[in-house]
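Next up: some structures, all given as structure tokens.
Each of the next two complexes has subunit A plus one other chain: subunit B in the first, subunit C in the second.
Right, the complex of A and B next:
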């Protein structure tokens, strides 16, 4: 990540949190960009592999979770997630789930139909 | 290729689709949808209202409220004395509601507002009469229109030109309930719901387009419009719509500030820094 969001919602002391709304938003945007790209791409993969029903959804869940984990490890440098996201589970997993699922479904069906 | 779900329903599972369907139906619909999305986005940028005009008093009021909230949130970085001073000042100013743009009881305008006085006489109770609010509502309505008109048009287009045949096979099974929606123009009773007509491709891509647009138009100035109507109106102008009584807000904030305890953000700072750099 760039220097802009490194000092985003830094913990100042044990309990006192100093938040910067702009950085939080920036982080969420970055995360969303990564998630958008990966879910569309994995939808393409699913279509090319001709995965069907449950296999495809499993593929999606696995890639979605692993992308979240990789995001934390690589972009948050394995530091404390709470430095970057206010409530990590909510922001990393739940918030964009249906959006990404819809995108995934779209490319999956599209490529699936094209390849057949 | 015959999936178990299809067998269970009892359909003759495998159809052979004309490969030309892909090139003559699937691709055109997708391309049209993407292009419409792009055009809609740029149209939204074009018809976006200019910087919302606010009278200076209104901005002052907004900024004093913001200032109070920031003090509450980030007071820990101040020194005890600084915090105390700011706390007293903000509590006093907000408590007196000195910077309220439109006074409730005596309709008097603060001295800043002499030039704006004529337009600001009435209380901003009715959001329809406030020019700013009506502006915001106009842009909201425009946004809605820009969303609905192309949707309706494309739906009509798809329904008119590409109805009555099965276009594609979905990679996942669906219950029979979806049949009516997905195979609207197809007159077969026991065809598996996985075989979908073009209108269902329209629906699937309509829901899935958001991530794609995010990738295509990865531009901070444009992005907010793509994400849809849901969060737009509230984000646009904080507190300008006149929903909340600013004087009330100020007094409540003043109370909050008065009782706010001081937390020292610098406690044990030396050890923390040493821990970071050791």
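Right, the complex of A and C next:
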């Protein structure tokens, strides 16, 4: 809600503010970079620890959710999440889930086979 | 990437490689001693016959510590959004790591730097009004005392057409052009005469 000099709000409550696609792309790029790197590295860890079927997937889910929470805490400081992401839950967790799962699975099986 | 984040990432990769090689060596020893069960789907702890020969704790902690250091290194590699304002040459850092989405907040930095985000398209020569830009430059030059010897485009054209232009290069070019045009006209007229012949 923007206000003019007299304190009256200039945006009505049912106005939709325009979003700049350049900023949305920039933020999603940064998020994807963090998620890619951490998922691949944790796949290597999982292979070294020699975790098996469901244990490995719970490992993935734990690191995925905790990295998302860390991202929000560290990088969105000084503002709300909705300042930076259009649909926070969808962008942070659901958007890149299968992409990171595939990367995790790849490194996990690779390192597991390498180390056994 | 800052120096701190680079060191953290390198250290974590080295830790990972070290722990990976340690597990490989450990597994080789265990296989030779026949202490390992194979071809069973089970938890990793019960892959080994005896508790004493499960994967050692220090290797596990080393791998997890490597993961921890890596994430910290990745998060330290982010820098705040920076820009150079118009009035100075120094880079100014804002307080945010990400760019705000709302257009009224996202265009603050563009306005501070007087950047047109679609400038690559708007400023191509085909889409700019060149005469307008030249007029603006001339007014600005006069204001700042940069010299008055740039004459108006319209006057220049009038001088060339009337043949009273001051510069000699323009006169020479004009002479050459008029000669070429008259020659071409003569050739054209002569060729039409020979083609048609004299009608009687």
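Note that the second predicted complex is superposed on the first by the 98 of 116 C-alpha atoms of A that agree within 3 Å, B and C clash if a C-alpha of one lies under 4 Å from a C-alpha of the other, contacts with A are read in each partner's own complex, and residues count from 1 in each chain.
Note that in this section a residue touches a chain if its C-beta (ideal position, glycine included) is under 8 Å from a C-beta of that chain, and two chains touch if they have at least 3 such contacts.
A quick note: this is a predicted structure, and the numbers were derived from the prediction, not measured.
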- [ ] Have a look at where A:34 lands relative to subunit B and subunit C in the superposition and call it first, second, both or neither.
- [x] second
TODO: Could you tell me if A:53 is touching subunit B, subunit C, both of them or neither one (first, second, both, neither)?
DONE: both
TODO: Check whether A:105 is in contact with subunit B, with subunit C, with both or with neither, and answer first, second, both or neither.
DONE: first
Task: Partner chain in contact with A:80 - subunit B first, subunit C second, else both or neither - done: neither
TODO: Based on the superposed arrangement, let me know which partner A:45 touches: subunit B (first), subunit C (second), both, or neither?
DONE: second
- [ ] Could you look at A:22 and tell me whether it touches subunit B, subunit C, both or neither (first, second, both, neither)?
- [x] second
TODO: Considering only touches as defined above, state whether A:116 meets subunit B (first), subunit C (second), both or neither.
DONE: both
TODO: Once the two structures are superposed, pull the subunit A residues common to the subunit B and subunit C interfaces.
DONE: 18-19, 37, 50-53, 114, 116
TODO: Please name which positions on subunit B make contact with subunit A in the complex.
DONE: 3, 5, 17, 22, 26, 30, 73-74, 76-77, 167-173, 201, 204-205, 207-212, 214-215, 218, 223, 263-269, 272
Open item on the list: Taking the touch rule as given, give the residues of subunit A at its contact with subunit C in the complex, in rising order.
Closed with: 2, 17-20, 22-24, 26-27, 30, 34, 37-38, 41-42, 44-45, 48-53, 55, 63, 67, 70-71, 74-79, 82-86, 111, 114-116
Open item on the list: Touching residues of subunit A toward subunit B in the complex: what are they?
Closed with: 12-13, 15-16, 18-19, 29, 32-33, 35-37, 39-40, 46-47, 50-53, 56-57, 99-100, 102-110, 112-114, 116
Task: subunit A-touching residues of subunit C, taken from the complex the two chains share - done: 12, 16, 19-20, 23-24, 27, 41-44, 47, 55, 59-60, 63-64, 66-67, 70-71, 74-75, 78, 95-107, 117
